[in-house]
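Here come two complexes built around chain A, the first alongside chain B, the second alongside chain C.
Now for the complex of A and B:
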């Protein structure tokens, strides 16, 4: 893989790539030239809020950067279209072989893009080169005054990191300028874990800090914010719906969206089903998928009260189920006929066609501790066909997979 | 028991917010005492706070456009609430450009101080943010625990140097020692000293001036007849001092301290209608 990114928004110079062509012997040498390294840098910053590892996936439709959090309840992907780059060569994938994918330590990658302002000022061009043969991911920053900074990063070959979700099946959609949402979340303390998004009278949208069951109501400050419908670009929300999600990852995406000045679309469904945040640009597609807190106690909770929602404790076997979903998370889908795009159409139900061998490789990647919160895995809802919220069915399928490997 | 207040003026809001920030830096929890004309933030000298105590007094008329309160009883028309000032500070922090801020005592699920912030928005209606800050209502019989501390019978009273300068000095000294000795005399001289096995550092301030305390209104007399040059000293926790110097956003027009030899240092910061008193006990 090879790509070149220009420091500014130099789009007219596409195709002007360094002469390094993929060496045929290398299974995949994809040089990337980024066309705006600050955008890439911001994307990396945003991804760093999610996971400790950055997954790089060169595909025909662009370079995809992905991350998943340690509890596997959050996944983000940034797909940079080939047009984003001055030069983009995803490498050659034969009919048999797949494009080479890898993951690197988030810290080492982030280190390169640490200071965004200085990056913006000094970097003229950024070259990303994946050299599977040399086991190196090379990042070259061509800076002012002829300074070239070359970073050689170690990487790990990996399976495809894929969350399965479908924005179309979500019952509720909200679209708002990133600024609006960024202005809304500043009212919440930086350390706050979760917020609840809900609807209220008059079509207002509310955000409220989620107070955990254990917390004493007399000790916790409850902040609630109301946004009028007309502040949003579009609102199509099931009346009375509410959903609780993690703020940290969302904040990461918001800062990217705000800096890029892109509207953010939020797709959500019932509590417990994944929530999807999307940003769309001509050369960039961003998805953030977050698990949501399942509301086992029906939706009777009024979003306008000051009360604390009391949810029953999760059953013991729930954690086991969760783990099996998490196994599903990182397994690569061998079926290469699937378009490697970060949108995952629902009509390709994936778990059935996976082969058990693939999972073995991923065994080490499965975190040992399930999240203590009652967040369902991203996969929980995603394998369900719309209109059939059969939880039991999903559990069966996924549990089988994890047992098969042990 | 009722309380509701409203701030519309931005300058007042920012000023109030700065005071609350200062309080939040000095105390984890404090008492908010409300009377018809004044608000008080009180930290009483419990051992848990390292013996430090605080008394901050402001006139409501200088901050609030509306201020209505009804105390527990007609003859005791006051309200004492225990709260975490950090919560109030956080609620006000994001209200910097608010159209209006309303503060109201509510009791829905638990007693709360509801701070409702009306923010400008792009749409026709404003954005409303509400913060429900849990409070504890202090019963009447415990009010006596939160009485105004009397000015101690000090040995020396002296104006403080520019607080910023003092802060940068103390900040550096903090790296060397946990304790600082403040000494001053009636000749306008003050020294900040640290002494460790390895190093002794002293910063001298002079010509600070000594505030005139009228003796006729029963004011301390220990300072009378003292030798002008002789130093009175107190050794205090340097962190506590730095908390005050670094955390204060009152920007006082007058700042002074009273030292009771080896017992306590009493700081007074004055800004228009706001007064902040902070007591740091001396360590042995």
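Now for the complex of A and C:
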């Protein structure tokens, strides 16, 4: 795979080297996006907020960069269409071989694009070349003054990383300029984990920090803000609905959207079902899929839980499908935690009715790090351990972090 | 404003006495070589040289020539002593490191000779501080025997082009490899870290290249931890000259313009790393 990303406003750029075709020089960019290398850099920064590994997948429809978090409850993908590049050669897929894909350590990749201002100022062309035989991913930045930075990164082969989601099947859709949402989330503490989006009377949309039930009302700070329907570009929501998602992971996408000046579309459905954020451009497609907190009272699809009743859930409805239950069993030490709110399943359509055997598909993409800690912090921490930053800390622990309690 | 210290007792004259209107002319240069606690100071009629060494592999020298000072007098041919550079810097910046425009700390420095402490008189806004810093027996300094006749490759670059590169060096790499060649890649900085290798290439016709005199292809490796402190000197400088000799010894000379536009120099000498392993590409 080989691709060349046009640079920005850099003078003194050298011409293409031998073997590199060039396309006509006008920027293949829409009015939204300016120079391409910083866009790639910002995408990497966004992805770095999600996971520790960056998956690169060249396809016929473009180069896809993806990341998943360790608890499999957040997935992001940036698809750069061939037009984004000055040159795009995904490589050839034979009848039996697929296009080569790989994953690299996020830190290594991020290090190359660490300084966004300098990317803007001094980087012209960026060349990405995958050398399977040398086991190296080559990133070459052509900078100001004719300087060339070449990074040879080690990569690992990997399975396809894909979260299955369907924006069409979501009941509610919102579209807003990134600026609006950025201005809204600024009111919440930076460390706040979850936030609840709700639809209220008169078409108003609310954002409220999520507070777990056990927290003492008198010691908790609640921030709530309301946005009028006309501040959004489009609103098609189920009245009286609400959904809780991880704000931290969303912030990464939000910075990208703001910088690229693209409107953000939000698709959501019932609590517990994944929430999808999308950004669309002629040369770029961005998706962020986040698992959402399941409602305790809601009657979401009752799964075949296999009668694994030693997970003392307050209600079995908490677990939405078998897969997340399996995850809970892997992750929940001592089996005493409540079942987690569901992660969206990878490789399976939602809702899941599949057999445990089908889990083999995701083996290839399983990162080495044990997920349970982070996972817990997303959905358990908020329920189990009050006193995390962002919520008023209580002196006493309201929920022990070990066996035999609920 | 300069002011004079009381004369030494019994009419003796100081072995070294100097006045400087703006102590920053001295302190900023000393910071550029401050990677060890102690330094050796050598004062001659031409000026002051402050030397810092580490691991018997690296030596940095800051030169503040006599013309920078408002007054500079050395009694003997040369005066040499070892002193705590950390303490010296703390004293020179005793009124704070950030300065309001228009204000500066005035300095008077006196040294009576072997065995005596270095006296500093610092004044800013009417407030005077007197410091006495103990001196020690000077160390024997490394002699890299680096002279212009032995230089194999030499380039002069505008510092602007290197600053970011040095600041972002992959510190997980043990070495910094420097390649200088009359052919491609001309001038290359390479690191071999945990993530993989990284190469930074500067072409000979780059706008940044002020002079390019490479006669032979040389690739040398230096311990990155030893060279990293030179980033401070690079940050202050406007130009840097990079030279290597036949043994692979590296000389980095930084041209620094101070607030008054005067030129000072800082140089770093470094031995090549003995553990040669195959370079990754």
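The rule is simple: the second predicted complex is superposed on the first by the 270 of 406 C-alpha atoms of A that agree within 3 Å, B and C clash if a C-alpha of one lies under 4 Å from a C-alpha of the other, contacts with A are read in each partner's own complex, and residues count from 1 in each chain.
Definition applied: a contact is a pair of C-beta atoms (placed from the backbone, for glycine too) under 8 Å apart; a residue touches a chain by one contact, two chains touch by 3 or more.
Quick caveat: nothing in here was measured; it's all calculated off a predicted structure.
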item	value
Which of chain B and chain C A:149 touches, first, second, both or neither	second
Touching partner for A:189 - first (chain B), second (chain C), both, neither	first
Touching partner for A:239 - first (chain B), second (chain C), both, neither	neither
Which of chain B and chain C A:111 touches, first, second, both or neither	second
Partner chain(s) touched by A:220 [first = chain B, second = chain C, both, neither]	first
Chain A partner contacts - residues on chain C that touch it in the complex	161, 164, 168, 170, 194-203, 205-208, 280-281
Contact set on chain A toward chain C in their complex	12, 14, 105, 107-108, 111, 114-115, 118, 122, 136, 145-154
Parts of chain A lying in touch with chain B, wherever the complex brings them together	180, 183-184, 186-187, 189, 217-228, 230-231, 305-308
Contact footprint of chain A on chain B as seen in their complex	84, 87, 90-91, 94, 108-112, 121-125, 127-134, 136
